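The structure's right below; bear with me while I get my questions together.
In order of appearance the chains are A, B and C, and numbering begins at 1 in each one.
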Amino acid sequence: MRYYARKFGFYLVALWAAVTLNFFIPRMMPGNPVDILMAKLQQRGGTVDPSVRRSYELLLGADRSDSLVQQYVSYLGNLLHGDFGVSVSSYPAKVSDVIGQSLPWTIVLIGMATLISFVLGLVLGTVVGWKRGTWLDSIIPSTTVLAAVPYFWLALILAALLSSTLHWFPLLGGYDVSLSMGWNWPFISSAIYHGILPALTVVISSVGGWLLGMRNMMVSTAAEDYILTARAKGLRGNRIMIRYAARNAALPSVAGFATSLGFVVSGSVITEQVFSYPGIGGRLLQAVENNDYALMQGIFLVITVAVLGANLLVDLLYGLIDPRTRVSN
Amino acid sequence: MTSLIPSSSGLEDLPPGAEPGAVPAPASTRRTGWRAMLPSWTPKLAVGLGLVVAIALFGLIGPVLAGDPDTIRNISLTAPSGDHWLGTTQTGQDVLDQLTHATRGSLQIGLLVGVMATVLSAVFGVIGGYVGGIVDEAFSLFSNVMLVIPGLPLVIVISGFVPADQRGSWTIALVLAVTGWAASARVLRAQTLSVRNRDYVAAARVAGEKPWRVICVEIVPNLLPVLASQFVFAVIAAILSEAGLSFLGLGASNSSTLGTMLYFAQNGFALQREAWWWFVPPGLIIAVFGCGLALINLSLDEIINPRLRRPVRKRAARAASGSSRNSAVRSTAA
Amino acid sequence: MTPDLSPDTAPAPGTAPQAPVLTVRDLNVVYQSDPPVHAVRDISFTLHRGEILGLAGESGCGKSTLAYAINRLHEWPADVTSGSVTFHDRDGQDLDLLALGREQLRRFRWSKLSMVFQGAMNALNPVTSVRAQLEDVLTTHRPGMSKQDRRARCAEVLELVGVEPRRMNSYPHELSGGMRQRVMIAMALLLDPQVMIMDEPTTALDVLVQRGILREILRLREELGFAVIFITHDLPLLLELSDRIAVMLRGEIVECEAAETIYRQPRHPYARRLLDSFPRLTGERGAFLRDDGQAAPKTVRDTTPTGPGAADREQVRSDGGVR
């Protein structure tokens, strides 16, 4: 129980840190984002309503009479109500609506790709580590090459090969725009078809890291006494590999998920840009290009919350697979 | 140990080490002191160093020999030829000339961020791990929070707030270092904790050495392989992140890097126009350099974790020379 | 210099001479490092049914290497270069262990010869329950067994070693060191093996727990009749426990005699030194574990119990010493 309480506590602190960071970044930076935003808003024919200005000021900071503490409290209050302000790049849509449209795309694409790459990496790492000293060792250097390839460049190469040259996959977008969005098969299959190339990019570039980590842990675990016991017990090789070695060797990979997820998310932001994918990464860049600060901040917060949530989930899972975390002392 | 039992055989002159089941380190390759900190010379390490040195020289010397990368010619997007070994860009600039300058730019920023991030991680990891108590709690909480907050989105947001004309390479380097040190700090903390509990460190502390002295003299030298590996890792990560940032058009405005080249290639529709000579070389340089560093890191890993070392499969002359060949090849492995 | 290694030395008085269960002949194990390390040299011995053979020697003398070689647990670079290990099964069949195929060897392991390892902490898989690790053996070696029967058998062996069957649901980290070692012994009993190799099974435990477990081993041996190869560097302990003792030095057995003989007149100088190197705090060695009333005579160098620990030990001795 203590384990779970500590984990929840930690993620609360992390969430608070992210929210606070979000509050201070625009206030520490040069320039006056609120004026830029208001000017943009006017260009788009928006009414410069004092309440809109006020909400931007809370988000981004301005030379106002109220103290930083007051601003901070109001900012937190707005966040609690899900009020991230109005997006100027897609005026008059609210930031929360813009995010709501693009978030599912990213969660499905990146979530699936990460899961596939994680499982694939662990399975391959298990086998490569267990059969050390065989030809499988020659796989290891290639994983380091994969880990060193920039995501977006791999995406470019894959797009050039599989889409521009071979025409196997569409080059851009998340679905066929002539189809109407909804829960119908033509649309879903089109979305899957468009998602394969970006997902492949994420899987190829991240699987090497999982593989190498798992392989190294398998090598260390193979020298443990309980593996010797299992062999002396006359268990079958596969059973020892899976139940004894891999079961233990996977723990650090699961515990290290947080570290790796950050890289995956970062990489996927750029991957989305390459494929003009309608996900949240592409939106973030549009927001940056258009100085849509409110949207930028909203997206950063949502990405952070999603990553924290995924990590919390993995930590809870870790509690299930490692009985030692359940010690109640 | 192959000599006959001396008549005075007793407990005190039994060979040290040589635990049952463990392979005794062969005397000829046993290394001590500082030599033990150096990776053993393997093909992996040789290839890694070779790649890194080659690309470093390319970035160092190349710009001197190359022409002006910004010269605009009226030969748009020509394929590689004798005049332009790697072809030209949309605006007729020579890709090879650009590549040399961009490589230099990427290496500079990678090195800069690598140093800054390693220093940050050493400060938070080593000091936290050594001092312990509330300081350690605070430091590791801080690094864990920094770890779970996704780095690149944060960097993008920060870059978005900084006007383009104020986005110099130092700003970018600082932002990348601040968002990239946390994972290393965690590794260093764990290593510090294990070194701290060794007897000679305890001895130094009991002897009244000052904490900074214990850290500098007793702990940091033992962490050198880990520090080196984390530094190499930080350089790879920095070059990749910077390339990503520049590719998105959010990089430093006063420097040209490999990511910048890819940004122009993407915006010049190199992909759609199948100008592979424009977008393949910059990525390849990053990949090859990163791969070289990763190979070096694999060799460093084998110092940190000796279990990863591959047993040398050398069918040396058999000690049991009397046994016949077929009975000798009985392996005990099952 | 060459001691009489006659493997057929009669078992200690009190136990009837038995048929051999394991014969090792001229076994050599070499670590193929550079230079090669000859860890086990020309070792020959015979283990009889129901006998406890002690294997004594300092760490690094090759006793664990020998034990692992019998069950062929070594991996590269350890290599059995010559010799033979023969297992004489209950049904009269002889098995050449070094010639067994991979699958035959797997079936042989644990069902005929089981092992108890030193690392009380690390010999059990830390992330699965005791039940899973016990049942693992049964599902592999007794595929036809029903779930209830497996449960019942696991509970039975745990009770045999004095562990409450409800501890089956525990994980290794929830058990004390002694408890873990008892679970290991229970696991070794599961398939009713004919030989059990114990590699320093009690070294990491405190004296009281150690005594309790040794008592248990002796009792189980009486009840179930398996033979034991007991490996330790603790010669006095072996003197109490074993029928015969083999003393190893640098990969060779330098002396192999009945425990009494080793105790009274050790022939090899190394055996003598090994005996002398342990402080003599307990006067009547042998009287404690093997309660047969035969008090061994003191040697010249024996000292009477002195020092702060002596009184406690005496106390333990008088009340049986179990937990």
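We take it that contacts are C-beta pairs under 8 Å (C-beta built on N, C-alpha and C of every residue); 3 or more make two chains touch, one makes a residue touch a chain.
Just so we're clear, the structure is a prediction, and the values are computed from it rather than from any experiment.
Engineer: Which chain lies at the heart of the structure, taking centres as C-alpha averages?
Structural biologist: When every chain is reduced to its C-alpha mean, the one closest to the whole-protein mean is B.
Engineer: Could you find the two chains linked by the most C-beta contact pairs?
Structural biologist: Highest contact count among chain pairs: A-B.
Engineer: If you average the CA atoms of subunit A and of subunit C, how many Å lie between those two points?
Structural biologist: 54
Engineer: Suppose each chain is reduced to the average of its Cα coordinates; what separation in Å results between subunit B and subunit C?
Structural biologist: 48
Engineer: Roughly how far is subunit A from subunit B, going centre to centre by Cα mean, in whole Å?
Structural biologist: Taking the mean C-alpha position of each chain, the two centres sit 24 Å apart.
Engineer: For subunit A, jot down the residues that touch at least 2 other chains.
Structural biologist: 133, 231
Engineer: Residues of subunit B touching 2+ other chains?
Structural biologist: 311, 313, 334
Engineer: Can you list the residues of subunit C that touch 2 or more other chains?
Structural biologist: Correct list: 73, 76, 105-106.
Engineer: Taking the touch rule as given, give the residues of subunit C at its contact with subunit A in the complex, in rising order.
Structural biologist: These residues of subunit C touch subunit A: 71, 73, 76, 105-111, 114-115, 117-119, 122-129, 136-137, 140-141, 171, 173-174, 184, 187.
Engineer: Within their complex, state which residues of subunit A touch subunit C.
Structural biologist: Result: residues 133, 224-226, 228-236, 239, 243-244, 247-248, 251, 321-324, 327 of subunit A touch subunit C.
Engineer: Enumerate the contact residues on subunit A facing subunit B in the complex.
Structural biologist: Interface residues on the subunit A side: 10-11, 13-14, 17-18, 21-22, 25-26, 29-31, 33, 132-133, 137, 140-141, 144-145, 147-154, 156-157, 159-160, 164-165, 171, 216, 219-220, 223, 231, 258-259, 261-263, 265-267, 269-270, 273-274, 284-285, 287-289, 291, 293, 296-297, 299-300, 303-304, 307-308, 311.
Engineer: Would you mind writing out the residues of subunit B in touch with subunit A in their complex?
Structural biologist: Interface residues on subunit B, with respect to subunit A: 44, 141, 144-145, 147-154, 156-163, 166, 183, 186, 236, 240-241, 243-244, 247-250, 259, 262, 266, 271-272, 274, 276, 279-280, 282-283, 286-291, 293-295, 297-298, 301, 305, 307-308, 310-311, 313, 334.
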